[in-house]
Amino acid sequence: MKVIIVYHSRFGHTKLQAEAVHRGAAGVEGIDASIFTTEEALENAEQLDQADAIVFGCPTYMGSLSAGMKSFFEQVVDRWFKLAWKDKVAGAFTNSSSFSGDKLNTLMDIVVFTLQHGMIYVGTGTHPATSHPDSMNSVDGPGPEVENRLGSSVGPMAASFQVKPPAAPPKGDIATAEAYGKRIAQITKRLRG
Amino acid sequence: MKVIIVYHSRFGHTKLQAEAVHRGAAGVEGIDASIFTTEEALENAEQLDQADAIVFGCPTYMGSLSAGMKSFFEQVVDRWFKLAWKDKVAGAFTNSSSFSGDKLNTLMDIVVFTLQHGMIYVGTGTHPATSHPDSMNSVDGPGPEVENRLGSSVGPMAASFQVKPPAAPPKGDIATAEAYGKRIAQITKRLRG
Amino acid sequence: MKVIIVYHSRFGHTKLQAEAVHRGAAGVEGIDASIFTTEEALENAEQLDQADAIVFGCPTYMGSLSAGMKSFFEQVVDRWFKLAWKDKVAGAFTNSSSFSGDKLNTLMDIVVFTLQHGMIYVGTGTHPATSHPDSMNSVDGPGPEVENRLGSSVGPMAASFQVKPPAAPPKGDIATAEAYGKRIAQITKRLRG
Amino acid sequence: MKVIIVYHSRFGHTKLQAEAVHRGAAGVEGIDASIFTTEEALENAEQLDQADAIVFGCPTYMGSLSAGMKSFFEQVVDRWFKLAWKDKVAGAFTNSSSFSGDKLNTLMDIVVFTLQHGMIYVGTGTHPATSHPDSMNSVDGPGPEVENRLGSSVGPMAASFQVKPPAAPPKGDIATAEAYGKRIAQITKRLRG
């Protein structure tokens, strides 16, 4: 089973998130996990064709997916003409410098793209951290070390408050991404096994 | 393998679409397909818990999912607390009285709901009808008899121009819904078999 | 100039947010600001027709606008048939128990509704708090006392971590809502003066 | 009052739509209307700063705004840092080769961008064509010559079924765009006069 992470990152925050998704997938028995920048993915497009799952991640810039990721989407349009990625597992993740910061819109841009390709979309499959005993009934809410503190179900979200990598994204957001990689790999084994 | 269609319909258009999804699923070998209104689904909630796939459909009213469907979503919140529907297959469909009519927003409302439940989301897996030889290079575009004439990938869309059921939704939109039911059933067999 | 806040709230968090929007609008010279629950709004629908601005707010439940608000939207459909609210100023706000929690989707549901009515949509008009000196380069990010800590531009977001009102939403989210009421009132004076 | 149309178009369909929005705005007394490609807009960015209204339009590619437009959005980020476009009127339009084709998602990408800039968003302000006597109770729905046949409220949508410009977008979609330009100009005069 082959899982590929394709990411776009300018300052390195989303790269750390991508590496965590990759680590989570790679740790599942029977999974061959690779990680590509969008540029590397274009050079190795035949590997995408052979993959069982592809997970796409990029920063949220100005309220939607980054131009870097969108440009990649447009450059692989020939795969869409052939529905070459149909029935592969798909996933999405994003990072920005706010708690919320319109990150959902980026994930939705990616969800629509993957469904246009006929892929099968997998979300985080976890509750928001606010059902975690440590963060319930706290005005401050879940801290930066808590998994799924941002409460996303569509895909992992990370918030990097202009702190340079590797200080950001924080531990909790990295854990969210790693758990997602594991989930993607497990669903891929069930669907494509 | 158990597939359940849950729908809300006021005038009967969405009901016809739901019946087509049900027909498509029921026609796949090894599939036990049921169809419930949102009221019936609440009365038979334990059947939803036992299902392998649940497909949700409702009209697009004022640009989002109908209050009837949303009320159902809120009444099954106990399933979300337990993530009781995690890893089931999910799908969505909608009908309104315009070609576009903000139908995508309704499908997205349902997609987010199913991903909050940890379900695995399956779209139409087909090209828009505009790659169909009969509709290419036609100013009018694909007619009401053409499958996926509306060009949706997230889930089947239907357009019923205030014509009473069974005259609307038209043949092409019904075929789109039926093909979707078949796809949902096939993916369910692969993922949950 | 008449500004009306219409809100749906079950546990009282969104009510506090609505009252803050109202307070912000009422504090602007020349503004007559009212606040209605969705039930009161239906009983006083002629006041909505006379308003220069209407701001809609509700909790985010299961990833979209609450059934209570959606039901209200469907019950005022006669106003849409007549485009009776065309060119009025519109706004939206929401609360949920996560930092992010798919709140953007609720705001978008309301934005589409107001644009279907031909209303003029006004967002927060402010930067995310992450450009605030106190929260830059902090792993924790902006605290609960900081305005627009959640980084929303479409409309005010609040996060109430299951803490009972009036302890939640926190001070920063209330300030965000109040500043939004003021902005709505000021734009209303410019557009409708 | 200065209205600027900024568009990205690869094959010329969206260009025709942009020219129609421009024509509609230019026809309103007291309006100085300009039209720029995204490249021209970058070269004349100070004109955008002086504008009273900016309308953004691009094709829907793979379910979201084109990389060409997104790249432009990222290149004018310095305007966002200064909120230099705050309180200007904003609008959006899009074209694709399907009736629906996930066009709403592109408009939403643009709406979020404009609200991040603190702009005031104006939609079509019209009913869907399906309330038009000629298209009611017709299985086929409104033809290509009917204004707002696609039923959009967020901004003009056009469907060009792979027919080369100027045969597509069809007459009705061009009329929708022209009416929108007129509306943008009129609201601009009211808000910024």
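Observations on the model:
Labels for the chains are A, B, C and D, by order of writing; each one numbers its residues from 1.
Everything below uses one rule, namely that a residue touches a chain if its C-beta (ideal position, glycine included) is under 8 Å from a C-beta of that chain, and two chains touch if they have at least 3 such contacts.
Given the structure is predicted, the values throughout are model-derived calculations rather than measurements.
Shared contact partners of chain B and chain D are A, C. Counting hops only between chains that touch, chain A reaches chain D in a minimum of 1.
With centres defined as mean CA coordinates, chain C is found 30 Å away from chain A.
Inter-chain centre distance (chain C to chain D, centres taken as mean C-alpha positions): 26 Å.
In chain A, the residues touching two or more other chains are 63, 102, 105, 108, 112, 115-116, 153-154.
On the chain D side of its complex with chain C, the touching residues are 83, 86-87, 108, 111-112, 115-116, 118, 120-127, 153-154, 187, 190-192.
Listing the residues of chain A that touch chain C in their complex gives 63, 96-105, 128-130, 135-144, 149-154, 157, 159, 161-163, 167-168, 170. Those residues of chain A that touch chain D in the complex are listed here as 61-67, 70-71, 73-74, 77, 80, 102, 105, 108-109, 112-113, 115-116.
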